[in-house]
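Both complexes shown next keep chain A, but they swap its partner, so chain B is in the first and chain C is in the second.
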Partner chain A sequence: MNTVVIIGAGVAGVEAASQLSEFGHEVILIEKNSYIGGKLAKWDHLFPNLRPASEILNNMEEKIKRSGFKILKNTEISGISGHNGKWSLLTHKGESFEPDAIVIASGFGLFDAKRKEEYGYNIYNNVITSVDLEDKLKKGNRIKMTNGKTPRRVAFIHCVGSRDEKSGNHHCSKVCCITGVKQAIELRNQLPQAEIYCFYMDLRMYGKDFEELYRKAQENYDIQFIRGRLSEASENMDESLLIKAEDTLSGRPLKMNVDLMILLVGIEPGEDTISLCKGFKLESDSSGFIKPRDMHIQRNLSSQEGVFLAGACTCPMTIGDTIDNARAAAIEVHNYLRKKQSA
Partner chain B sequence: MKKEGKQQVWKEYQKDIADNDYYFQRSCIRQNFFPGSEYAFLKILREELGKNIYDDARQTTCTGIGYHSDIIPFETIQTVVARHFALMTEKGFHNFVISCVTSFGIYSEIFETWKEFPSELERTRHYLKEATGREFELPWNMTHASDIIYKFRDEIFSKRKCSLVNGDTGEPLKIVEHIGCHYAKIFPRKGVGGAEFPQVLSGMIESWGGEVVDYPERRHCCGFGFRHYLVMADRGYSVANSKKKFESMEPYKPDAIVCNCPGCTMFMDKWQYVIAEMENKTYGTNGNGIPVLTYEELAGLVLGYDPWDLGLQMHQIDCEPLLDKMKVKYDPALKYAGKDGEELGVPLQPNFIH
Partner chain C sequence: MSKFGFSIQETRSIDFEQFDGRLLKYVLEHEPSFRVCLSCGGCTATCSAGNLIDFNVRKMNMLIRRGETEGLEKEINKCMLCGKCMLVCPRGINIRNVIMLIKKGIPKFRADMELHDNLKYNYHAY
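Take a look at the complex of A and B:
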């Protein structure tokens, strides 16, 4: 039996592990956290149909039970050595592995909103990120200003740390547009009287039912979309925020007071992805994600033999795309091991 | 507002500031509008801090205002900057201290240009040699004069005669800090605290006992903007910018405004008079404007210098309300006296503002 080590027990890692177990390989899934699910574990509802994230997590748990592969939680990779398909891995607990194949499923990182200093995250009281909002929604908290008042005007700011030369991220994070639309609708349900604005550069509604949700947000939920990138935010005396942007459709500068500002933070390669990329001596793309061997026909193969890629360690992806990508990675690994055995 | 968030940003933007042996690059307009500022800077450095600083009579303007008005070509201003570096080199100095924020932006821009495009540096060396026969070394350390006062702010406070505290109430004075755009907005890494939450003046205010007013239009331009002021037809934009700032800071009831840029100090000071004449509107208390000081003047007051030696009588907005709050000793009768006590005459008083 071949052994496959998968690094990361998020959506991609669990899916690849489950598939490879089904194919009859021994799978060891290594996860640095004490829980599975990665970023999904912290999410409340998913776009575009607002289904609870817990449904996907439950599905992952079921797959783990059914497949019975080994999961090492609270475990980090501390050493990588080898080449040409022969790899050794060492964990920080001192365990070592010499697997026949490795799948990197280390996922993505999130843009640190503090880097966009002009938006005042971590300085102004009523500036939060999409991740903070999702956390509040998951905990069932009412959305309030820090002074306890109900916000009367809310602004979502798209593309924070995406398509932004200043922060060094040229790529589009792909999922923030629809996340903003989803969260704006959720906020509308909580704040029926509030004015809710989305400040965007482009709205990239590329996925199935994304455009429909965007239309619903305008027609049924009275979300106002303003095409214009925010230049800066400042705090008023009452802790509300003065924001400045240019409405690029009307061609006029815009100044507005809002009670709450939500920064839709972009996706970056996470620290783990960067570290694994270096450890395996893999190539990275201009945004720092791991570069597949071929962006069209070998998306799950890395530049090193025996090292495969699954999910958002290569680029931002939706959950559906991540699952598809992880399954494709499992097929690539299976075919590789079969050929290796017969050689 | 979370102070600790600002402190985290400040940690990211600390710069190397030389400890001693400075070559001083003066400002052209400061010496006219706020003539006591550079005097105070040199006095503080030499007499209070015991530093060696060279004040060179051979300097010219950096031509920054001409450059920003599109009448001085880049090649010319590079050569003027190179000449100043040559004067510094000839005197054996390596630490270049710039009094003006416009100049600081110019020097920083040219310094970075030469780093990115070494051919520009070589061409400038050639032009300078041809024109003057001079050669130059690049400075080891280049700072704005406010960086130096910031660096030694605690030492200055240890020699204080008064602080930024209201002597009647014991409360910290509320001070608006305004940083010139060209101090850090072009190169955030060249400003203490960066561009969005600059620390250079906040650090002084807090170290000297005051409280910084962070108001919504804090980052907004003072209204100088070069073109807005220089093209007379656009001057209304300049006043409108300043007005926007005054209206934004007014609810916080600031006791003073402190600036590190000559243009900002001048416009924040003088446009209050213009707005008062145009609209009968003042932003201070009891019909007064909000006093506007340079950081050296503020440091001088903390050190107990005579306000008239600091040139505060040259300000459009009377500084006496601030002096009274700080319990600064001064003789009102000497406000318009010359150095030898000769009466120079009292200027005409405005209709609506003091």
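Take a look at the complex of A and C:
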């Protein structure tokens, strides 16, 4: 029996692990956190249909039970050595593995909004990120200003840390546009009286039912969309914020006072993906994501033999895309191990 | 008061604190399809009037959304109501009805709008 080590028990890792177990391989899934699900575990509802994120998490738990593979939680990779398909891994607890194949499913990191200082995150009171908002929604908290008042005007700011070379990220994070639309709708349900604005550069509604949700936001939820990138925010005496942008469709500068500003933070490779990329001596792309051997036809193969890639360690992905991608990775690993055995 | 030969320039920026949303509200109430505009500019590209004279139907609709109603009455009369914009609109907005509602709405809110413009003027004069 072949052994496969999968690094990361998020959506991609669990999917790849359960598929490879079904194929009859021995799977060891290594996770640094005490819980599975990765970033998905922090979500309340998912776009574009606002289903509870717990449904997907429950499905993952079921797969783990059914397949019965080994999960090592609270475990980090501390040493990587080897080459040409022969690898050995060391964990910080001192366990060592010599697997026949490795799947990297270390996922992504989130842009730290503090780096975009002109937007005032962690400086002004009523500036939060999309992650903070999702957390409040998950906990069932009322959305309030820090002084306890109900916000009368709210602005979502798209592309924070995405498509922004000054932030070091020239890529599009792909999922923030639809996240903003989803969260604006959820906020509308809580704040029926508020004015809600989205400041965007482009709205990239590429996925199934994304465009439909965007239309619904305009038609049924009275969300206003303004095309223009925020230049800066400053705080007023009453802790509301004065924001400035160009309304590029009118060709005129625009200023607005808002009670609450929500920054839609982008997706980055993240520390884990970067350190694994270095550890296995893999090629990375210009944004730091791990580069697949071929972006069209070998998306799950890395530049090293025996090291495979699954999910958002290669680029930003939706949940659905991640599951597809992880299954594809499992098939690649399975075929690789079969060939290796017969050779 | 002595004249200094220069005046105070009014700001070009759209100020949401001066937002006059009455006309927008009136149009949206009677033609809800106006909400789903993408600002693609298809209407302006095909516009019979816009191809001959300085008239931009997309921009005009945008200004109403921003509560900017100055000079609107003169602008709206440039439309010939040919309806070509409705044929090209990807979101199926009844643009002709939007124009008709603006025409109807202007006299309704005129007094208010003029007052609003005066207030704006006075504000910047001080």
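By our rule, the second predicted complex is superposed on the first by the 343 of 343 C-alpha atoms of A that agree within 3 Å, B and C clash if a C-alpha of one lies under 4 Å from a C-alpha of the other, contacts with A are read in each partner's own complex, and residues count from 1 in each chain.
Criterion: a residue touches a chain if its C-beta (ideal position, glycine included) is under 8 Å from a C-beta of that chain, and two chains touch if they have at least 3 such contacts.
What you are looking at is a predicted structure, and each value in this text was computed from that prediction instead of being measured.
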{"item": "Simultaneous placement of chain C and chain B on chain A, clash or fit", "value": "fit"}
{"item": "Which of chain B and chain C A:Asp238 touches, first, second, both or neither", "value": "neither"}
{"item": "First, second, both or neither for A:Asp202, with chain B first and chain C second", "value": "neither"}
{"item": "Which superposed partner A:Asp222 touches (first chain B, second chain C, both, neither)", "value": "second"}
{"item": "A:Glu98 touches, of chain B and chain C: first, second, both or neither?", "value": "neither"}
{"item": "First, second, both or neither for A:Asn122, with chain B first and chain C second", "value": "first"}
{"item": "Partner chain(s) touched by A:Pro253 [first = chain B, second = chain C, both, neither]", "value": "second"}
{"item": "Which of chain B and chain C A:Glu283 touches, first, second, both or neither", "value": "neither"}
{"item": "Arrangement angle, chain B at one end, chain C at the other, chain A at the vertex (C-alpha, nearest 10°)", "value": "60"}
{"item": "First (chain B), second (chain C), both or neither touched by A:Glu212", "value": "neither"}
{"item": "Per-pair minimum CA distance [chain C against chain B, superposed on A] in Å", "value": "6"}
{"item": "Contact residues common to both interfaces of chain A (with chain B and with chain C)", "value": "none"}
{"item": "For the chain A and chain B complex, residues of the former touching the latter", "value": "114, 117-118, 120, 122-125, 232, 234-237, 239, 242"}
{"item": "Contacting residues of chain A [partner chain C, same complex]", "value": "153, 215, 218-219, 222, 224, 227, 247, 249-250, 252-257"}
{"item": "Touching residues (chain side chain C, partner chain A) in the complex", "value": "12-17, 32, 35-36, 39, 58-59, 62-63, 65-66, 68, 91"}
{"item": "List of chain B residues in touch with chain A within their complex", "value": "1-2, 5-6, 8-9, 194-197, 214-219, 251-252"}
